[in-house]
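In structure tokens below, several structures.
The same chain A turns up in both complexes below, where it pairs with chain B and then with chain C.
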Partner chain A sequence: MSTTTLTRPDAAAARASGGRTSVGLGAAVRWEARKLRAQLRTKALLVGALLAPVAVVVVVSAQSRPPKDTLFGRFATDNGYAMALLVLGFASQWILPLVTAVVAGDIFASEDQHGTWKTVLTRSVSRSRLFWAKVLVAVVFGLVALVLLAGATIAASLVVVGQSPLTGLSGQTIAPHAALGLVAASWATAAPPLVAISCLAILFSVWSRNAAVGIAGPVVAAMVMQLVGSLGGIEAVRPYLLTTPFEAWHGLLAEPRFTGPLVDGVLTSAVWSVAALAAAYVILRRRDITGG
Partner chain B sequence: MTTTTRAESDGDAVDVVGVTKRYGPLVAVDDVSVRVAPGEVYGILGPNGAGKTTLLRMLFGLIRPDSGTIHVFGRTWAHDGVRTLDHVAGFIESPKFYPYLTGRQNLEGLGLLDGTWDGRALGDRIDEALDVVDLVGREDDRVGGYSYGMRQRLGVAASLLRNPRLLVLDEPANGLDPAGIRDMRALVKRLASNGLTVLLSSHHMDEVEEICDNVTIMSRGSVAFHGTISDLRAMAPDPGHLLRTGDDAQAAAIGHDRHRDVAVEPAPGGGLMVTGPQHELSSFVADLVRAEVPLLAFTPTRTPLEELFFMLTDARSEEVA
Partner chain C sequence: MRRFIISLVAAVAVVLAIGGAVVAGSGGGSTVTRARLERSLPTEFANLYAAQATMLGHRGVTPASLHPTAMCDKGGAVEPDVGPGSNWNCLVSWTDPDNPMPPEGYGKFELDVHTNGCWTAGGPSKLVGFATLTDTSGREVPNPVAEFDGCFDPNGDNSPTGVEFPSLLNVTTTALRPDAQRRVAVQATCGTGSTGCHGSVTATAGDTELGTVPLEVEEEQTATLAFPTPVPAGASEVTFTFHVTQGVGPSKPVTLEMPA
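After this line comes the complex of A and B, so read on.
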């Protein structure tokens, strides 16, 4: 690339006249992504998302007695697809919430920890731009982690355990090529509630100004919702819990297939996300930056 | 582009009118007005808790005033948002950076947030800024390992990167060693002589006296004085001196008998405290010599302006304590 293409004449003109435009979302996103890349924790998390599933698959497949009581546990030791679904059921309890919260719960609170709100907010970026840049980066990070976890789990399951036709939830037999699509789709259904968990972590992070609360808050909230969801007689509440969408994939493996819970799950996740982000946005916009 | 620049340069760099900020029952800034003309070096002086930082935070839009208006080059936060800071740079309290990034990486990021997409131009500007604050050679170390003074200097570099017309510095010399203080003052003077408008806060009268044209003295949130340094000098009390002699009783008697305009009192730590107009002091000392009172020391205590500062801000009792 030649250096002349790097020089934007409008930018040069703006500088020469001392003028300046307020910074767009792109620059703020670039900066947030760059800070994230520079942190050891981020890299460790992504490497962990790749390696941990391999270890889990190897350990579970080495068991002489399969975990029969868990969904797809019965076939997990001799069917890779069942193994990948078993790991999904397990991961969605608190691993997925935790992995997303590690970044989303920290991305706002770390500015408080380092006292850097005043550093960035006295440049040319508005609070709302910075807010949306952080939200975008945190959500994308959560999704990247999900893709890595899913990819690593499915690959490890198929390599370690092997592929054979999968027995579905209604006892139907699913051919391997169809099973692969369904397993991948099942993992993908974790994306909407995961985004909602990220937004919840962002709210905790903005509200508490403390990374520990930002990270632990949504994980604890997810665990509480899981507990509430396991109680009897709360059918009216269950569709609104953020843990219910994590189970929506069950419908994909039944015969006939049903996708009602998937649609509900997307709606529930959207409502949680919008509510959490709106609250976080208002708190950040109104806040007096007195620290740092 | 040039026409807007010209229009913006008319009027004041900073125009704060009747600004008040409360924290619960405490009025941190109470109906303060400050006006800074372009090209001026303006000092806001006050003891701890006077409200200097609170005022500057409001200027930067970090906190919102409860009432009053703040215009910066004709812009307001309510109307222009972050564009209010288009020609402004500076820092509040001690500058803060990301400790896990190097000095250069921090500056690159802040350059991004200034809207500088041109990596090469930004790199050149960073080199220039690092050179001005004398951090060349340390820019690739993580800020987490910087000393306090280095962070302070990186804060100045980060401000210069914005190529501002107004530089706002909150106690820039705070925590620096004597050489650092000297360098910081020299830098501010140099930047001001190039036409930069500077608004700085300080605890130290000598700092403000040395580099500022105009000053506002704040005390407990309110304005205690407003004017030029020469106005302030005219108001200053007579200088005080600490006198040590071989015979304090005789020295005091000479003062009482022959020099009505000179006050001679026992000083708290021993010796005599002598206050009066400069020429009276000279003739008093001459009389002591003539009377063969052994003179051991005759040293100025506070400068008159410092004395005035303490009078205006009622901080004297705290200072002695």
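After this line comes the complex of A and C, so read on.
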């Protein structure tokens, strides 16, 4: 796959002009994106992100008893906005970490798996540019998947279940127009922790050189954090967990609205992202790749 | 591979050490507190109760007209009122002329509170009705106040609300079981509240006074009150009179029949 560089004019020009670090980040990103697009798995994941929510919404809305044990499940069978929030609550626990890890956990390890590190690095791109290109592509993929999931879920919920005023988390009634904005904003709040999970997956991918560890590692870590975060007595660790920001949207649906957890969540996600990327960067820089 | 496992174990150890230090340094640090629940529950309840009134066609009920207040307690007197759990009880008082409060002045809600500040409350069916209700157009619809979910701000106001309600004392014995000497005992349960149940109980069988025993029951506890004097052979029933100084007792004496 990496042979495609040779055909790209900018890469060829960069090579002609001398130095092996002269390929721009843009070229490296385009090249990584192209590798990603060529994978069946990526396409399947994006199509799944569009279709799976429709199936979930149809199945849940057909239940005779609403799933009351989850937030907004009580209203999910007769209110589309509640359905979209129910799916968000479920997706942020299990689906989002997995979707982003499938790409981010593989993007470095696949070079190890195919033994292509030596090839890509001798082709005029510096190690750090390659690193940032891969990070950018993996993070953008995660965000695209989130947008597709959110769009498909909200559209399917509103079409299948219908639009009626939503009862918020303080018992207030939210008019359909305002509810749509809040539901979309709630889905958007999943973006910072999703980026952080992607970075964690990148760290696992670089560190283990194994796609299976890269994909399963962050998913297991998210599950463990979910469990630890729900235990009583050790709640002091909650602000530091990556799963807490996934619940920050609750504040948007309350009256008066509270955004403290949202701000904390962005901060927590940023710290996790920076730490994971820094560790991954150091590991990759120091690695001896000459062996291939 | 061995290096990878060693680094993984080291990473887990570091995470555990930091987590342990954070927990130890903060003393648990739960954001689930009595004050936050006491602010969150009445606000949501008032909104939903007003919605229920609209469904039932009751006029003049607004969230503001209800003046709801709540006192919350976790696990009775033996547990501190902090942290998640399904053993939170909240006593809620509100003003609805069509649906007056019972003599003790409140209804008891049972709450399951999660670490993230979200909770599920179940209301007392005597005051709020059952899971479904019939609305003005004759349809069976879910009752919004029978069971509802809410979330409070984990960084919200945590100063005490100062709302307190007395415990409610209930006699749970329905049939007397005298012992071989014809002495009797009753069981009493003290409900959720701020004070527990204190006072005294006097038992009489016909003209014979069986004695007066002190009543000292903490909230959410049960006590057995045994009377020293045997019931006279001819007596067919025993009357228990409660003098409750702290808490709310049965307003009328409780009369129980002796087994034949």
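FYI, the second predicted complex is superposed on the first by the 268 of 292 C-alpha atoms of A that agree within 3 Å, B and C clash if a C-alpha of one lies under 4 Å from a C-alpha of the other, contacts with A are read in each partner's own complex, and residues count from 1 in each chain.
In this text, a contact is a pair of C-beta atoms (placed from the backbone, for glycine too) under 8 Å apart; a residue touches a chain by one contact, two chains touch by 3 or more.
Predicted model, so just to flag it, every value in this text is computed and none were measured.
K.L.:
Regarding the shared-chain residue A:A27, is it in contact with chain B (first), chain C (second), both, or neither?
P.N.:
A:A27: touches chain B, not chain C.
K.L.:
Of the partners chain B and chain C, which touch A:I289 in the superposed model: first, second, both, neither?
P.N.:
first
K.L.:
By the touch definition at the top of the document, which applies to A:H177: first (chain B), second (chain C), both, or neither?
P.N.:
After superposition on chain A, A:H177 lies in contact with neither partner.
K.L.:
Tell me which partner A:R37 touches in the superposition: chain B (first), chain C (second), both or neither.
P.N.:
neither
K.L.:
Between chain B and chain C, pick out the one touching the greater number of residues of chain A.
P.N.:
On the superposition, B touches more of the residues of chain A.
K.L.:
So, A:G229: does it touch chain B (first), chain C (second), both, or neither?
P.N.:
A:G229 sits against chain C, while chain B stays out of touch.
K.L.:
Looking at the overlay, what does A:H250 touch: chain B (first), chain C (second), both, or neither?
P.N.:
second
K.L.:
Could you look at A:V120 and tell me whether it touches chain B, chain C, both or neither (first, second, both, neither)?
P.N.:
After superposition on chain A, A:V120 lies in contact with chain B alone.
K.L.:
Quick check on the complex: what are the chain A residues that touch chain C?
P.N.:
Touch residues, chain A against chain C: 68, 71-72, 74, 167, 169-173, 207-208, 228-238, 240, 244, 247, 250-251, 253-255, 258, 260-261.
K.L.:
Can you name the residues of chain B that touch chain A in the complex?
P.N.:
Touch residues, chain B against chain A: 1-2, 4-5, 57, 60-64, 81-83, 85-93, 95-101, 105, 109-110, 112-121, 158, 162-163, 165.
K.L.:
Looking at the complex, which residues from chain C come into contact with chain A?
P.N.:
By the definition above, chain C touches chain A via 4, 7, 18-19, 22-23, 25-32, 40, 43-48, 51, 83-85, 114-118, 142, 144, 147-156.
K.L.:
Which chain A residues qualify as touching chain B in the complex?
P.N.:
Those in contact with chain B are residues 3, 6-8, 11-15, 17-24, 27-28, 30-31, 34-35, 38-40, 114-127, 288-290, 292.
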